[in-house]
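Two complexes, one shared chain (chain A), two partners (chain B, chain C).
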Partner chain A sequence: MSVPVPPEVPVPDTDDLICARCDVPLRMGKVQASYMGQTFPVELPVCPSCGFVYVSEDLAAGRMLKVEQALEDK
Partner chain B sequence: MTFSDSRLVLANTESVCPDCLATVPAIRYAEGDTVYLEKTCPQHGTTSTPIWRGLKSYFMWDASPRNRSRVPKPATVVHEGCPRDCGLCPDHQQQSCCVLLEVTSRCDLACPVCFASATRKGEDIAFDTVEAWLDTLMERAGGRVHIQLSGGEPTVRDDLPEIVALARRKGFSFVQVNTNGVRIAKHPDYLEALVEAGLDCVFLQFDGVSDDVHQKLRGAKLARVKLQAVEACGRAGVGVVLVPTLVPGVNTGQIGAIVEFAKAHMPTVRAVHFQPISYFGRVPAPPRPETRFTLPEVMEALIAHEQGAIRLSDFHPGSAENPFCSFAGRFLLGDDGRLTVDRDAPVSCCGAPPEEESSCCGSSHAEEEHSCCGGSKDAGEDHACCGGSKGAEDAHSCCGGANEAEAGHSCCGGATAHEEEHGCCCGSTENATAASDETAAPAAEARPSADVARARRYVADQWTLAETSNDDAPGLAAFDAVLQRRAHTLGLSAMVFQDAWTLDLERLRQCHIHVMSPDQRAIPFCAHNLTDRQGHSLYRRHTG
Partner chain C sequence: MDSDRVRKLEARCIEEQPPACMATCPLHVDMRAILEKVKKGDFSGAFALYARMVPFPGIVGHICDHPCEATCRRQEAGGAIRIAAVERALVEESYATLRRTAQRQSKPKRVAVVGAGLAGLTAAFDLAMKGHRITVLEADAHPLERLYHDYDEDILPRSVIAAEIGALQTLGVEIRVRSRVAGGPGPLGLDTLIDDFDAVLLALGPGVARNFSSTVRLTDNGRIDIDPNSRATSHPKVFGGGFHGALGEVYSPIGSIRDGRRAAGSIDRFLQGASLTAKRDDADGEASCLYVNTAAQEAVPPVEPVDTAAGYTLEEAKAEAARCFPCHCQECVKACVFLAHYKTYPKRAVREIHNNLSIIMGNRKANRMIDSCSLCGLCETVCPTDLAMGDVCLEARREMVDSGHMPASHHDFALRDMEDSRSARAAFARHEPGRERSARVFFPGCQLTASAPGHVERVYAHLRDRLEGGVGLMVDCCGAPAHWSGRTALHTEVVDHLRQTWKEMGEPEIVTACATCLTMLRTHLSEAPVRSLWPLLAEIGWPEGTDARAAGKTLAIHDPCTGRHEREVHVAVRDLAARLGASVREISSAELTTCCGFGGLVSFANPDVANATVDARAAERPEDYLTYCAMCRDNFARRGKRSAHLLDLAFPPEDGADPAARPDPGFSGRRDNRARLKIRLLRNLWGEDMSDPESVWNVHIPDDVRADMERKLILVDEVTAVIADAETTGRKLKDRKTGHLIATLRSGPVTTWVEYENTETGALVHKAYGHRMNVEAKS
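Moving on, here comes the complex of A and B:
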């Protein structure tokens, strides 16, 4: 599932995530996740400096995985 | 063999004589709106059997591609010819999708109709043999085939939860149990143990909604038991597929009622999978034309029941097996209680028609899709999904960057099991190439073809319980909406098995549902169960 960099990064701060590249705290931001032609507007931790989006392991192996499986078909 | 002017010959094929099971030439022909299979045995004469009532859908299904894949590691050689060399032999044209492990020949019912001819006095297969089956399949049949625990009635075994756990421990990602529901209805602890062990789906014999139907087909009044079984599955958190055996004059008039029962018990009930009766094993009487019920008739009954809300074009043939073996459709249940086709469902795993699918993965597009991840770390722990920490690498998590994308398993990331399952899809280009090259050496590691991998995913997705997230996360509502939608989908499908009258060897060679025999061969389902007019088996006598 792809998560392109959002054009603008709003508040709030996330608690304890720091961008490894920029060494600044991540903030919750609106991003567009996409998979198999469908897009999903969601809020995820984003680096306000470089725009990288953080997807936690729980999310990747949980909701996102379930959504991917739901979209796959014969 | 002579032909009347009213016949339209559609195809030449091969079949067997219903009396002696000798392989004989056959034709498929149309007369009126019905397609027949006709063959002549030099000793026993000519038989002609209706196999498809509805020329419009026949031509629609006939236009579907015949997806074939080479058997990765054949277990037998071609000696006597189809259908006598099964194991699989090198001439078989499709890999295993779902494999039945008949873990017992015992049963707690004595059904008048039973393809396995099971009795109350059967025997259990040794646990070691079951383990050997799983090892053989993992090594030979293309990795994570779907496992169906069958019988006999598999739930007569007290150690069935241990078998489920064994299959999951060995890496099989989809395990279902084919059951009459009697034990799981009465003993919820037993069902919970199965689910705890990793059971994904209950494939529930469900012939109708009234006791008279069960009395005729199963020799017992089971309507209440079936309801209790479905309710128990709901409480235990496991998906149910209702499996009616359709017999003209007995329960074909209940097709609509069965669908309504399924709707009323969603999301526990995930699908209804109809199986028109085939005349092998134990049946009350040899077939007559009027005791045949063909796939188009099932679709017509479903369309009529939904009063035009669904159409013939909402159904499609299976893409891995021969198209004349099955149909399937996925439908959304509306607030008004009616079904409409799930139009948002992509047509293949990568959103492209099956014939274009092989190029779906590992492309530059995949690289772009995964350029999103990396660069952040969890300040509290050295463990992040994205960004290349050791933990992330070990977990094969969804975000990997260019390297993983180039490796070809980036398009559908996620947890290890899903990744590897999808890796089968993405790895299919090589396999498809090898399959078309007769001189190519067998793959060192048996991996499934694209169409088989796709069929496995489709079944696993539709037949397992629709999961939803329990934790409240408003920012992820768009994801949750997809999951909620899945809980409102119902699969409607059917598969017609072939007996000695209807067996078409072209179809049999493309069979992807196989049964393990004690000597570690995988026998295509319809060959395994094939019996002649007197009930003599081609394969079961060798395996009993």
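Moving on, here comes the complex of A and C:
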């Protein structure tokens, strides 16, 4: 039996990311993450001009998922 | 789920019942655990368990009359385990390791034990271990005199008796021999003992005891009148032990030890001022009700020792112990990937679920477990007491939903998919074209329409062709996802809507192609006549020209779990396959079929369990599988098992493609198929035009990215919406190194991210992922 394997796409390096609309590089900035009525202050790459927050796949599938699940099981 | 109901459910699971050997043993020695250790060569561990229950392991290991062997379930498969012979090898190997330390009592009591037989010395041992001061008075010249007469040296070496007596004395037990206790007052009179000691045990051995009649009540045959359970006599300080109960009692060394132990238990209670009878757990066990499937065991004869007189060598003892199954029920665990995954069994799982529901503060660790049961009903089918874990899990899910503790992520995607299948994009109901009435209505179910819409069109055409009275079409969802996820209110809403549609159609007979729809509609829309498509097809036959379309094909048939008890359907389906010329093999009997991983929405709440379930089923037979549930077929296909729907055999692809190689359409494909089927049917059969919502955005998703999206439950529509938003608003990131664009969009409870690049032919997607947490820059 063959089961498909996920594609391997390298995770972008935050230093290489620029906000396409504002044409400025992202910088680490204060961000509010919220789920199920709980809010946490976190530092994430943000466009200093328009506030576009970048969430990498590693973060989404890693720490963020863990927190989501922990909150759901409270 | 109140605690009373939990207790009743727990009681239904017999897995924790003792094995027959332990239930029969007067000392309740856990031979199953001991044999497990012997099997592994852990003799010291096995001996420690043995000596925990047996006061004189050296003696008992040589002479036990082993009532356990008479009830050993191995006798149904080759012969009872020779437990006594294994015990002998065990004690001969490990007796030297025996170490015992008595408890310390701040105020030890003094107990006189009259009679140094096995009963008396067992009581002396048990009470000495509790820290009391024990004096044993024996009329004969030796303690355990009887053993010298009854057993030869080669059966019970005298050195063993001496070692046991020595060990007892080391515990502080004083043994006075040639001390015959008489009735009444006097230096060795019973009344004097009663005065001098805190309690007295008369462990006299056989015979009448008229000497003591002035102090304790006797039976008609002149023996001391002893309560068989508490071993109390008519005098509160005097207890009776040993072999002087009813007439006709057969001597049993282990029985004597049991009597002594029970008397010691009562004396200890008496010394503490406690009840002699409340909450005693040393009563003679009833026969064990532990179910053991001995028929599934191969017969293996007992190990014969090479040297009969010397008994088993250690290797022989290990080999004999290895014949112990060991006795467990676990019928459901053997059949269920979910229970095996959580390394649990119903009694334990029910308790965990109850605890999970009762948590006020803290983590609800069993949430995912509760949502990992496929509700397939196999456990109750194989359970000797019909305990249904599916019912327990479903009830728990409803409570979680009602109390607001159901994790949203577990069923969110499945419920949104249900919403789509019920929406105007996919669902509709019509009378047969050109008719105003429907005697019947075809209800294909949301999965056949999603998996193989062409089959729905062909079957519907065939039904219209062969059946009188008008055959309407009702494309809708039966509400199973709402039911399975514990959303009672939503499920009621779905059923109410179905009832309304059915009434508007003139209350026709519903003919469904889906086993789940059949069960759901029969149960929840009980006023409607509902039947399965397959027996009806067997009656009216396949369309002309389909004969022998599957000639030469050999398939193994997988019945859907939701239809495991639908015998009429099982017969019809096999008959229909045979008429197509297919040769069909059984995987298991239809009643013992397993879930494909979709049931109970497991594939959403716990993909690992769902995949393990479908993989286990797929591995059972090498042939291509034949199914008649679209979801089962697609799940097998998704995991790489070649499988064909019964309708794939009747209506194979016109391009000659291999029907068993049809890929799983995936969630996006399923939604497209449903929507396109509605457009096509309305246009072709009823002349109604529905606008075809073609996307203006050209989005290319390579196969590997698409498969990854399936795994992450991300739809093509969602990815397209992210790109459309980014390209319209300009809100996107650019990776300077790769030139890739990264965009995001929050839609409902989920944020979707897409990494893509714009090419001449449209957006090429490299990756998509999502999260539920909301993130915003602090302003």
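Just a few scattered comments:
By definition in this document, the second predicted complex is superposed on the first by the 59 of 74 C-alpha atoms of A that agree within 3 Å, B and C clash if a C-alpha of one lies under 4 Å from a C-alpha of the other, contacts with A are read in each partner's own complex, and residues count from 1 in each chain.
Following the convention adopted for this analysis, a contact is a pair of C-beta atoms (placed from the backbone, for glycine too) under 8 Å apart; a residue touches a chain by one contact, two chains touch by 3 or more.
Keep in mind the model is a prediction, meaning the values are calculated, not measured.
When both complexes are overlaid on chain A, the residue A:64 reaches chain B and chain C alike.
Of the two partner chains placed by superposition, chain B and chain C are both touched by A:53.
In the superposed model, A:44 makes contact with both chain B and chain C. Common to the chain B and chain C contact sets on chain A are residues 1-5, 16-21, 26, 33-34, 36, 41-42, 44, 47, 50, 52-55, 57, 60-61, 64-65, 67-70, 72-74. If you check the complex, the residues on chain A that touch chain C are 1-7, 9-10, 12-13, 16-21, 26, 29-36, 41-42, 44, 46-47, 50-55, 57, 60-61, 64-65, 67-70, 72-74.
The residues of chain B lying in touch with chain A in their complex are 316, 318-319, 328, 330, 344-351, 368-380, 383-387, 391-392, 395, 397-399, 412-415, 418, 422, 454-455, 457-458, 460-461, 466-467, 469, 474-480, 482-483, 485-486.
Note for the complex: chain A touches chain B at residues 1-5, 16-22, 26, 28, 33-34, 36-38, 40-45, 47, 50, 52-57, 59-74.
The touching residues of chain C, counted against chain A in their complex, run 362-365, 367, 407-409, 615, 618, 639-641, 702-705, 707-708, 711, 729-738, 740-742, 744, 751, 753, 755, 766-767, 769-779.
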